[in-house]
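Reviewing the structure listed below.
As written, the chain order gives the labels A, B, C, D, E and F, with residue 1 at the start of each chain.
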């Protein structure tokens, strides 16, 4: 793992001024990195709010859906599978988009296998 | 583990006719092996019958033995050790027979250690 | 791990007289080692006595100490920390003594770091 | 300020080791973590795999010489980890339903058509023989077998995509299989009720792993590490005299191995390795393999239904693709949709576990074809 | 009597492999066993370390080529064992208090001054750069990070003294910290009561390890094995879908690793290796590092107390040196001495676990400085 | 049809790698499985050993370069696995009865006559010195010590037969010992009742492993890996502060090691390796060793009975061969047959565990004789 060629300080002796510089820079980096993480993590406190909002939307959607689907024999199981299916296809779409992007980059013609997504969406 | 010399298909490219042959042969082998195991396993259903028959014989033998050995102080423990001993010596005999066979094959004179079996049988 | 140069019996064949000598010596060593351990372990029976004696001394000391320290707000916790501190500094002293010995041996001047012990002892 | 400069050049952003592919793969890792944690898709393997994916795409040296995950990966290449997972799988598997109904072996064999269908298609798509074989085994729906065969065939670079595809599709079995099953069966067939299985004695359960090891390894010796460990684990369980070994094999040892295998296989999906046409083809081939395997299992089920005079429900055929025990649960679910009083789970477990043996046999055939032993 | 002669020459007394240093080290091993068993000083690591110390000083070949402990030590050198311990630590750590109060990260950063203070002092004492860095990380009070960095910087000969010093001082935290804390704070500051922490949702707990891994490893990629494993373990715990992996990582796997790591690191303390001036210097430097880290944590705590208008108790700053969870307990204890109704434990856990991340970052900075990745 | 041809040539029947010996060994493996599972003969080791035997005789490459079991066997050769088993054994062993009655050490020493009797006989039978030593250690009735010594003396080819013989005879102890014990003792001696053992304090239990390690390893340093690990495990148990390490060492870690050691040692019994005159001789020598060890233990017991004025029951002498705890149970059983109110179990545990140390010492003497350290 040690790439000697790139090593900036291959001489084993560190002078005291060098050490001072290292210390200042290093502590600055430690603080910078930890402050940056702290900032990112402090955004987490908004997550509960977002979730609540979204879950309200979802529960509304689910309610609507449930009313739409009100056939007596399916009423118990319907909502869960529907939700699952929707999310699955979204995810498959995301993966596919990424792979497509990769292919286009490489200049490969995209074959007809787009049906993968469709075959999962159906059902 | 790859014995290249023996490798039948060291060329990396497989033609489609080759692949078709491989497929047909391979599926035939898969079916052959699994059908063969199925046949062997289907014989297992006779095991419970055999066991019942044998256990009946054993319980008769044990009963006879128990009557023969009817000394009051040993009556509780006797059957188990007897059974153990019998089986043990049978097994030792089987192993010994195999080892003897191996020795005769190699033309080694059989030494006097046959007493191993006897020393276990006795007691 | 096999130091062939030192190996006393590198010739693979052991004559019967050699084997006899080996056996006698080896059994003697086995007995010697196990008897020696047995002697050491047999001294263990004095440990409970020693412990009892020492614990009596300690409980006396602790009692005295407790009386000395009798300030109502500290009475519950005091004995334990005191004991801990005493033992700790004893141990630190032992380690230090050993390290000092090592340094003197090597002819290194002993630096001013003796304060390590003091900084632990204090408090 | 040399030091600061050096520091800046070491960051993942600046040192040139990461290109756009790495960033895409980091996103893909997040998606897999989402699927594993939120959706419960095979989390035991997808969480470590996705994390390995994340780490290698931020810090590629973790898979280079002396990198942490490269040490773990060495154990994959040597087939040690997949074999030890099979030891644990064996210690958790109940082969009772298969012993009670050995005809299930036929359905476990039929489902392997998925493997060979995908193999043919892979050859047509231009993969060389060994790569095609390694990819097609995804259709067997047994992760350790896929990794084992890819290792033995020297297809280490495909191991990442293969493992990801295998475990992803295994978790998608409840979505992939039902439409195919319904398409190929009539309502009447789906309503077929099967007789209760006979009880299986302890002696039969003990003999089973010994007999299967002997027979399979005699005919296809190169499967010995895989089939042997699977059956040894099962013998630990069924013998009843080494409960501690069964417990250790299926618990501490297996989960240690899962962690090492998952993270290291996941770390084979560096951007350049994963984001290419081959991966896309593997995704397609894997789906084909699952679909064909499901279909051929069901179709042989139909034949057996006919021949048995309607005593066998064709829906249990789809369980032959393995993905234990999910595929068997799918059979149960589709069957109970047709008739809520229909209980197929136990009957489907037979083909389900037979499919594990069938895939190992298929792997053995591939190794034989390529002269590997 | 050749044989008897040979036997006599093999004994540890006669074969010349042991000198007086070995005997001193055997005594030191006894002292450490006493401290670990009787005093409860970090026994999980000090018992194996002391036993490795005992064995290597009686039988040096146990650490030479093909010696039992040399095999285990190889796994230390390859950074496998420290990384796997961090996997287990992650699976046992609750980052909730840190998520609820991200300001704690500042205190976790401040405590790293201890490391760099010791680094400067080590350079002044004449250590070369890499040795100084490896030694100073003791101040981070994270054993696995110390061993990891010493391995990466190629300071294997210092690993024994470093590990012994690190674990010894970690267990002495309740003795070292309180006087410094009391010296630097006023009675009023110590009595500051902090508001209850907000509850942290499951989603935040799941996102935390993923975010920290991504951010830290992007900026300092060479920390990926350490930070990655720590966070993977935490993800196992918090995801809630791989309970078996969390359980295995923090139990069977971790304790196996502790046994292998402890005995082999302890066996790096052969007499010649340990009884020299460097060890004495390391003992001094380690104490300085702990003291400076404690002080700087408390001092930043004072600043934050001022800036927040007296909402933050400076005593939680000392917990930033890590030594999880002991340093946090010390904050609690000193706080409750000032006011028995003061409960600081949960608030101190934030800087405490932030200190683990901070030390890993400091280790990453050292690796970057020396061009290791 | 090339492919079909190739397939046929790969089967175990056709590829010429199996001769009649292989088939005999497969039968022998079945017999051992029968003994282990049905008869309960040391199943923890005989089940994995027999399965390794089965696999290697069907598929020899499993022990060749890069074969699954060859990797495990490497860990035997390096003495890692036997040492780790002893760690677990130590964590499960109660040395209390030995501490309470140190005279038991004499009986544990006497039983080692079995080893040296077998050694002499082996030399007479024509084995070379190292082979004779490796074989004779079977009489110590400690599997890991046998495998450890065979490895250290470079007798890897004998490891299969030695391990099989050692574990087989260990399980036959209840059949081999009683006739010898009864032959050598009078009814009156067998009826001797022994005083209750004194209670042993925690401190003594903690000091015991430390003292034994120090003394034994000082005199015979090459036993350090074995004796050290045994005593470290015991220290884990008795110290009371590292319960998790004791639990892991004696549970997850030990059973993982048992699986790896058992299968790989079993795989050293390929037909050519096992079915030869040497194996037959080993079987004979092993039995002699057990018989002589039992007899010499009992005979010294008689002497001690005399000298102590009838306070020691000679039956506890036979327990000195180890085979913990079976040999102690045999003493109990034979004693209670003479007088049903006679309880010898605890008194027999002393010589029983002393025998473990005695055999390790004997192994150390052999290593010293051959200049191995």
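The working rule: a contact is a pair of C-beta atoms (placed from the backbone, for glycine too) under 8 Å apart; a residue touches a chain by one contact, two chains touch by 3 or more.
All values derive from a computational prediction rather than experimental measurement.
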Target chain E, source chain B, minimum contact steps
2
Which chains contact both chain A and chain C?
E
Centre to centre, using CA atoms, which chain is the farthest one from chain E?
B
Determine which of the two chain pairs, A-D or A-E, is joined by the larger number of C-beta pairs in contact.
A-E
Whole-Å gap between the CA centroids of chain D and chain E
40
Taking each chain's centre as the mean position of its Cα atoms, how many Å separate chain A from chain B?
56
Inter-centroid spacing, chain D versus chain B (mean Cα positions, whole Å)
32
Please set out, as single numbers or ranges, the residues of chain B touching at least two other chains.
1, 8, 22, 25-26, 29
For chain D, give me the residues that contact two or more of the other chains.
3, 6-7, 61, 66-67, 219-220, 222, 251-252, 365, 369, 371, 373
Of all possible chain pairs, which ones touch?
A-D, A-E, B-D, B-F, C-E, C-F, D-E, D-F, E-F
For chain F, which residues are in contact with chain E within the complex?
78-80, 83, 87, 206, 210, 213-214, 217-222, 224-225, 228-229, 232, 235-236, 239-242, 244-245, 247-249, 251-253, 365, 368-369, 371, 373
Note which residues of chain F are touching chain D in the complex, please.
3, 6-7, 10-13, 15, 17, 26, 30, 33, 36-37, 40, 43-44, 47-48, 51, 54-55, 58-59, 61-62, 66-68, 71, 251-252, 255-256, 258-259, 263
The residues of chain A that touch chain E in their complex are 1-4, 6-10, 12-16, 18-20, 22-23, 25-27, 29-31, 33-42, 44-45, 47-48, 51
Would you tell me which residues of chain F are touching chain C in their complex?
98-99, 102-106, 108-109, 112-113, 116, 119-120, 123-124, 128-130, 132, 152, 154, 198, 200-201, 203-204, 207-208, 211-212, 215-216, 219-220, 222, 354, 357-358, 361-362, 365-366, 369-373
In their shared complex, chain D is touched by residues of chain A numbered 1, 8, 21-22, 25-26, 29, 84-85, 87-88, 91, 94-95, 98-99, 101-103, 106, 108, 113, 116, 119-120, 122-123
